[in-house]
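Written below as structure tokens is the structure these notes are about.
Each chain carries a letter (A, B, C and D) given by its place in the written order, and its residues are counted from 1.
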């Protein structure tokens, strides 16, 4: 991990991780998804987000080291995560590494069904369950925090014509700052765009992106994700801290009752 | 898991989990600790906390199933956790179960060096590091939230004459409500009593309790923990939620574009 | 202000403050409201909330001292507030007194159009604006925090058949804990039940209660308010704190450079 | 109020408001302060903060319109506030205007004894009391949020050799994000640097700056304030929102029971 300050000229290294299972499914279901995402959702996202200040890489679960060997993870400024049916396949060891990288400063953007991914649950500590229904109903999003950088240039309300319903109660920590809330035709509501900060890392959960609809072709959705990438990009990656401070900054007058006992064994 | 409402008459089932290693150490170090905690810190805590409205059990790491078989864990209303040198020995499978129980409503009180326990880091999602120094200096605690139930009958400030220093920066989520803050003679400050809520469970971290000092013989410290047990006790344990809601509560007018495609495979 | 601890036997003193203008309006509009609230909304609420553990008083704007002379305000444990067209008539001096009482521990429950009341804006510091529309559409509420005491015995979702729409963006501080969220037929969403804590006082904003519909005859709505009264009731009223602490609890070794200068004038 | 987006080239308009009473006091007390602040604390701050990207103005209480006529207030991006003995002299009308400007996006940096200023209490809704003592003791600050922009290039800990003590409990809302915490030689602790967001405006409270010590000559203190100015500067000033939304974005099927009744009178 490097601790150099990002210079204004330095590009943001974005890695888009995709489970990449549904897009390769056989039969009518796979055909439907390939109509919108012929090379996988990660590659469509990469095309849509392409910009001069971003270095974008796409990786997926079946690649070596599940797509995130250290040379990729540890040069990533912002990680996007799309997963759904294969959450359980992601190794705990990889989740540990991603968590450490987020705590050190890497931004994490979790999309749609990633709410149940190991990495999102790891970062929140909660169950992240929600209500859901898949009948192609209309979703309407509302900007709740109009001055937040993620809402920049997003209209007060916009529609996804057909989407999977995600509804409350959504089990997330109470310090999630709400950027977007959603209305569903079938009667449900949802905190559809929520930010968290954990140690030095910024996290954004954004629920749009069901695989059977062309959601990542919607300009508002792409603009939100694009804003979030810039918002989540770290100014610095923080080295893992060394925590002991054996010498006190101020004079201690209290006599140490344990001066003559060796307790170093307990702090190995 | 039972979902019955706790009746006013029902006692609170408290389980005190202790790593129980230092108290059994050989030599001068172990002798010192046994002076204060002859039968282990868990048993001293049980004696000090004893009250008519509590059913207290004590368990430790070397017992079967690491002290928390399901018949104990799933009848526990509030779990106290003291661990230090053996965090790594606690199995991930047990941490998974404790986390689920907390999310369902069980209270969790994490003491002192438990800040680095697997269960606390699991619940916070953060690194939980801090500055520390062990020279027997004086710690002074301040009540920051005087009307919080955990601060009931606690003086505005009180002293632990000799203690290990725990200092900021402390890596915890920003929604930790601060009940106590500490001053250390050597120049450090610390959020020494902090609450969190995660799904249906309440969590309290309280830093006093280094094993080489008689901290759990201090009446203020015991009163804080005693208050915290009542605060963290659940009104109910919530059954794990079933999340799909296939039938919408409101009429949907949008035509489902996928009506004729079987997508059930993706939601198994 | 008394600082005695409320005993378990002690009843909760509830004061319901109502602007009481619409219910006395002439013509068809007033007639409509009187159909549901013949003696004013405050009296209907008092009847619906009546219980053995509550002492309920009703007061209104046109009474002496705007309904809240000190002998009433300073014996109130929980204040309910309904106002709409006469926010500006409430005196700043009264708002000052109510704020002080809330900060000392009194619970405050702000209903419906009270979102723009002086006292709610005073407690939040924000503009408290929202989107609104009055076409009698359907509102559907969802429980977002099922284990919160205010949601006790409330179904996961329930309907108000005809209501005024209140929609996001709602300008409130980010530490509002969301208990309920609402869906409106016309496409809007809203944080319809939100709690705040300010110093020693608990605050609950609950949006149901438009005067032209029989909302306070709905058992779920009444149960929510009833739960909120118990949740907001203080354990104690805290005396106003005296803040100087001229004598330090710890020895100061630094020489005071101003020892010989009299600075007492600046702290009068 | 302008709603144009600030361009990257545009300078930040900073207004430093000072009560400017102590610096003009007669006698030894005034002489002492003038030694450090010969032209007032506002002018010293302006000199120390001067930078190419800032347009800095200094104003004070005894100037026309208490230093903040609309042409100044409404062209201010970030307002610094230092007040102490004359809080009560600031007019409510001015406080109203400043609050509106903050809610629209203006940054507000409240210094030292400004914790009891009308504008800070207005923005927080709380009493903002604290413990204090003036004996010239040592204060030591700690960075609690090392990756926050306000802590950029600030050492983990630094000292103010002589300062007034400000101690907990500090009555502020719980969503204050802690950037700095302080240790005082006399045994107290304090949340000395805290941020809030209220609607579109960012607020930073920073406690250093007692008038009888040369605190605003300390490079770390100046760097913190300098960082805070950039952090609090708005990207946009938001026009006051128009809140009704008479036409619903979605079709409403419920029949309006009040269709034939004119309720417009109640929404004037």
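Just so we're on the same page, a contact is a pair of C-beta atoms (placed from the backbone, for glycine too) under 8 Å apart; a residue touches a chain by one contact, two chains touch by 3 or more.
The model shown is predicted, which means the values in this text are computed figures rather than measured ones.
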Common contacts of chain A and chain B, by label, are C, D
Quick one: point me to the chain whose Cα centre is farthest from that of chain C.
A
How far is the middle of chain B from the middle of chain D, if each middle is the mean of its Cα atoms, in Å?
37
Would you kindly tell me how far, in whole Å, the mean C-alpha position of chain D lies from that of chain C?
27
CA centroids of chain A and chain D: separation to the nearest Å works out as 33
So which bits of chain A are touching at least two other chains?
140, 146, 157, 167, 169, 174, 183-185, 187-188, 199, 249-250, 253
Mind listing the chain A positions that touch chain B in their complex?
22, 28-29, 32, 84-85, 92, 99-100, 103, 122-127, 129-138, 161-162, 165, 167, 169, 171, 173-175, 184-188, 196-199, 211-213, 241, 243-250, 252-259, 261-263, 265-268
Touching residues of chain D toward chain B in the complex: what are they?
140, 142-146, 156-157, 167-170, 174, 177, 181-184, 187-189, 251, 253
Report the residues of chain C in contact with chain B in the complex, numbered from low to high.
105, 140, 146-147, 149, 152, 157, 183, 185, 199-200, 234-236, 238, 249-250
